[in-house]
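In the two assemblies presented below, chain A is common to both, partnered first by chain B and then by chain C.
Coming up: the complex of A and B.
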């Protein structure tokens, strides 16, 4: 048992003003709509900067475009989807229009990815060791022996007991928690500048999720990371900054404290009120009425307006993502900063 | 007095509508070994009450649900519904029970036939139980759709035209068709988005208020179970480790596993230096269970005794039970928000609790 007393490290907080590592500008990802003249915009004009040492949470529900944004960063948007507009820069280098072989180098060297389901992120017919050594040899110009040693340390680093023996193991021989640790080891083995974790703990049980979040906090507190999650609670545990996405757009950004204590966008307010908290008064949950727009819907104006209690006629026009009292918001009618979430 | 009928028309002496006594379910694992899915669990759900069963994957909670529905044969123990022992009833004898005991499943994508119209989905139980004429059935379908907040024209559409949350509403409507007195819901919201989960939880709460059904809800999310349940049972590796009124279990957890589960639940609250207990290792396999207390290999306060002697589920207060030799000796390591004010259960001294990690 270990007891962790620090949340996201202070080091990471002070690094909020650090160098921009990754810069995304006006990203648009489209999918063709069968039998319709217009495409579906899964990601619709997303811009953000990721700074050195920060953990940025990308929070949203299914269909919000959060995973598609992450896949764009790696150049692996599934066909027939395509990046239509925008640019992605890793430091000073544009990476969204690289040829495949160079992109591959970026994926291994510069950006490490942890997927939700380790069974799909790992090769089921190859041992853990061979997958780790392959990645190390491809990206680090080392011998097989050296790679094996690197693989051993990678497993040891993510808290896998008996790492030497685990190198021989196949993914199916490991528990869900251990598999996710192997995925993390694989993502970290070449010391990438940026780590992207897409719902990395969603498939895990609560006590195992706590272990992985603990690992993130201990090992990755100074890493530059994008954490994609639907769970505001998970984001609260390890993120420095949060971007809330809805229908392919960013609707609110702020530090974790800002977003949790004074959410401004009605969707963020709604998300927080819909989650059960341990409260003996057991206030009735406040659901967000209706459902998010689907790929078939053509959205005009604010995409959240049909579900929004505060929608007005001006919400028929699309609100831009702008600074409002120091918070980046896309809303004509934000909740006031002093108003408490229910 | 034998078999008196109470005001609600129930038979028997038990206060419970749905009851399991020492239920035991095993499966045959590869190699001829026994998988102990559920071992000696007893539970009772009173009329109009909500009982929540919490556990992680592999804890046996879904097996409990399916066994209560008689989809698995128990190796031992009894299932009693409304005073009647239904453990060994055959399908024909079960028909009247099935009418009154219904189930909602986790995944509304696989629990609804994709080719059937919603009318057919909801009216199937009505037809199977010879509810009435076609007109009466159609009226009932319309009434049910309204109860779960769907428009009447939904009846003519097929499941693929609905979102996950709407499909779960349809599944709830189907389960209510025969006016059951008890409903078993196995992870009814875990496949849904956060904003939609609250809709379904509130729907279940409303329906229970209006229709006075007993609800047995199974979930991995302790916060969610606390939100909806009157009483909570916590399960680990096929066995109950703690049970009691919801606020007490969450406010004053006695078993170290409950404490760990509580501490592991991420909550969207800003926390400067939040402390948490992180259990090491994975839950053991139900094929090779550890001796003594099943939880001892992961227990933060394990003692020698726990490795060899299995602690019995012991009553420590009204409706309050725990299976731990050192119950109540581990405090939740962080503030539990609004739960600070829960009165201590009788017989529990706050002074004897050693606070961990401080």
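Coming up: the complex of A and C.
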């Protein structure tokens, strides 16, 4: 069951230059549903390529499968969830079926991940330095002394003032913004090829959020990155390309300009209408009615149809992710290119 | 009192120097240790005063020591004589004053049973009791911490579920039953170990296991629950995402956090060990303070009871203080509070 047709994938590949670093094909992550015969598909047939130097935005509401997609790239989907279909290739190497001890060499070394909540994401009883050196010593085969030097530079690189002293600090002694910088330093310390930032700015104050976004822009503009966010504004700031996810599927992808200026999928249109804009006169935000399907719901047809103003009878069949008027979409009834977002 | 305070002091230099954070708002761990100790010593003085007073009046309510001393054959004249000799003829409040005055000088009087110095009797038995408690406590931690961590690391596995059930059942078995079962097996049936008194190194095994059993199941369960909780925390996911293996996650990340809650319990449970050691010493006829205390209560030997309770109170307090200090070292959030 290939969601992306071969020609579509080929076309997408040529749309942007640069070597493909990470290639995900037909990824399915399932969780058992207690007391029910069928499993819940948190990620349902996701395919995408990530090219060198590209920042790919993964956008969608909570529970749309963004984080599960990211966790499955590192093979750390929380039990009892499992990858049951698909493949993940890092350059030419397939990594989703690696034995655990080899997979551990990928984690933090080839792919670094920044998590959402810097308050709980660092170990409260271990110093910043010891958490950084642990990772450096594991992957770079260096002594404790060398690792401390690496850790010092890692903190310096993410703009932490007085990095030497901060090595001895404990997480509770740092502000939220500094802690998130430590999390970023931890993700970058082994110079991974791919960086995944999972809602890396969501838990922060607006001003700190802006600082962290600046950090991403300045230090990571050439990095190959997947940015997961539910905030279209954040995605617009730093992403080159956007994938919109809904109920475990990709429903629309395109360059940042395409998606922001002419969204085609009704869900993307809805997401954009729910973002506050200060430069237009009409201040009213338009929420998307209803809620996404939960783990209990069994979805047939288009998962967005129950909330979609444009749903028709054919939406009872599931639309595939296909090229429609030059855009990759999963919708029977896309909005026209000229139509303004609501 | 000063002697005892001095005995506790060596704790301070034994503690390694804390790292200074370089932050002006925080105070070094050594200074906090000294502050904690000073506070504890002052609290201890009040506590000892309170316990001694309580004990003094309770003991006076339970019986007449003169009658015990005179024995069943003693007549009224003998009783009067004994009362005069021990100052028991004076009003209770005067007796209390004299008692306090002497207690401040660490003079608890002589044993009514054999005229030996009461505190001397206690000190004589202190090392045996103390060593037994330390051995049991250490053995308990050596077994309970890794066992609890193992049980909590993957609580859904079948082997661990069975082991956790066994620990749960063990928690329901009173420590003295375990002592009696040990005697039945190793002393009566197998004749491997001596069951009574201190007859050399083998004699320590069963009392130590019995005493450890008073505390161990609870420690295992608390550590296991804390580790299970810690393994679900975000920082474990962060460490996993950086390639940490299961052992690193468990021993270097989760256990350290799990120990925070467990240390409070272990410290509070030292009082269980004291209670347990009294029972254990009676079961194994162990020549320690616990058995001395029980015998002295039975014979209404007030001075010895008072001296023994006095020492036990100091010991329990000492243990609680040590817990506080251990906390300072394992929890950085306590360590660097503003002064």
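FYI, the second predicted complex is superposed on the first by the 320 of 342 C-alpha atoms of A that agree within 3 Å, B and C clash if a C-alpha of one lies under 4 Å from a C-alpha of the other, contacts with A are read in each partner's own complex, and residues count from 1 in each chain.
Here, a residue touches a chain if its C-beta (ideal position, glycine included) is under 8 Å from a C-beta of that chain, and two chains touch if they have at least 3 such contacts.
What you see is a predicted model; the values in this text were computed from it and never measured.
Legend: residue contacts after superposition of the two complexes on their common chain; A:96 is shown touching neither chain B nor chain C.
In the superposed model, A:287 makes contact with chain B only, not with chain C. Once the two structures are overlaid, the count of chain A residues touched is higher for B than for its counterpart among chain B and chain C. Of the two partner chains, chain B is the only one that A:236 touches; chain C does not reach it.
Applying the stated contact rule after C-alpha superposition, one finds that A:213 touches chain B and leaves chain C untouched.
Residue contacts after overlaying the shared chain place A:113 against chain C, while chain B stays out of touching range. Applying the stated contact rule after C-alpha superposition, one finds that A:165 touches chain C and leaves chain B untouched.
In the overlay built on the shared chain, the residue A:177 is in contact with chain B alone; chain C does not reach it. Taken together, the two complexes place no residue of chain A in contact with both chain B and chain C. Across the complex, chain C meets chain A through its residues 19, 21-23, 233-235, 237-245, 248, 252-253, 256-257, 260, 330-333, 336. Against chain C, in their complex, chain A makes its touches with residues 74, 76, 78, 101, 104-109, 112-113, 115, 117, 120-127, 131, 134-135, 138-139, 165, 168-170, 172-173, 183, 186-187. Residue ranges on chain A touching chain B, taken from their complex, read 1-7, 61-62, 175-178, 205-211, 213-214, 230-237, 256-257, 260-261, 270-282, 284-289, 291-292, 294.
Interface residues of chain B facing chain A in the complex, by the touch rule stated above, are 56-57, 163, 165-166, 193-199, 201-202, 205, 220-224, 226-227, 247, 250-251, 260-280, 282-283, 298, 300, 333, 336-339, 341-342, 356-357.
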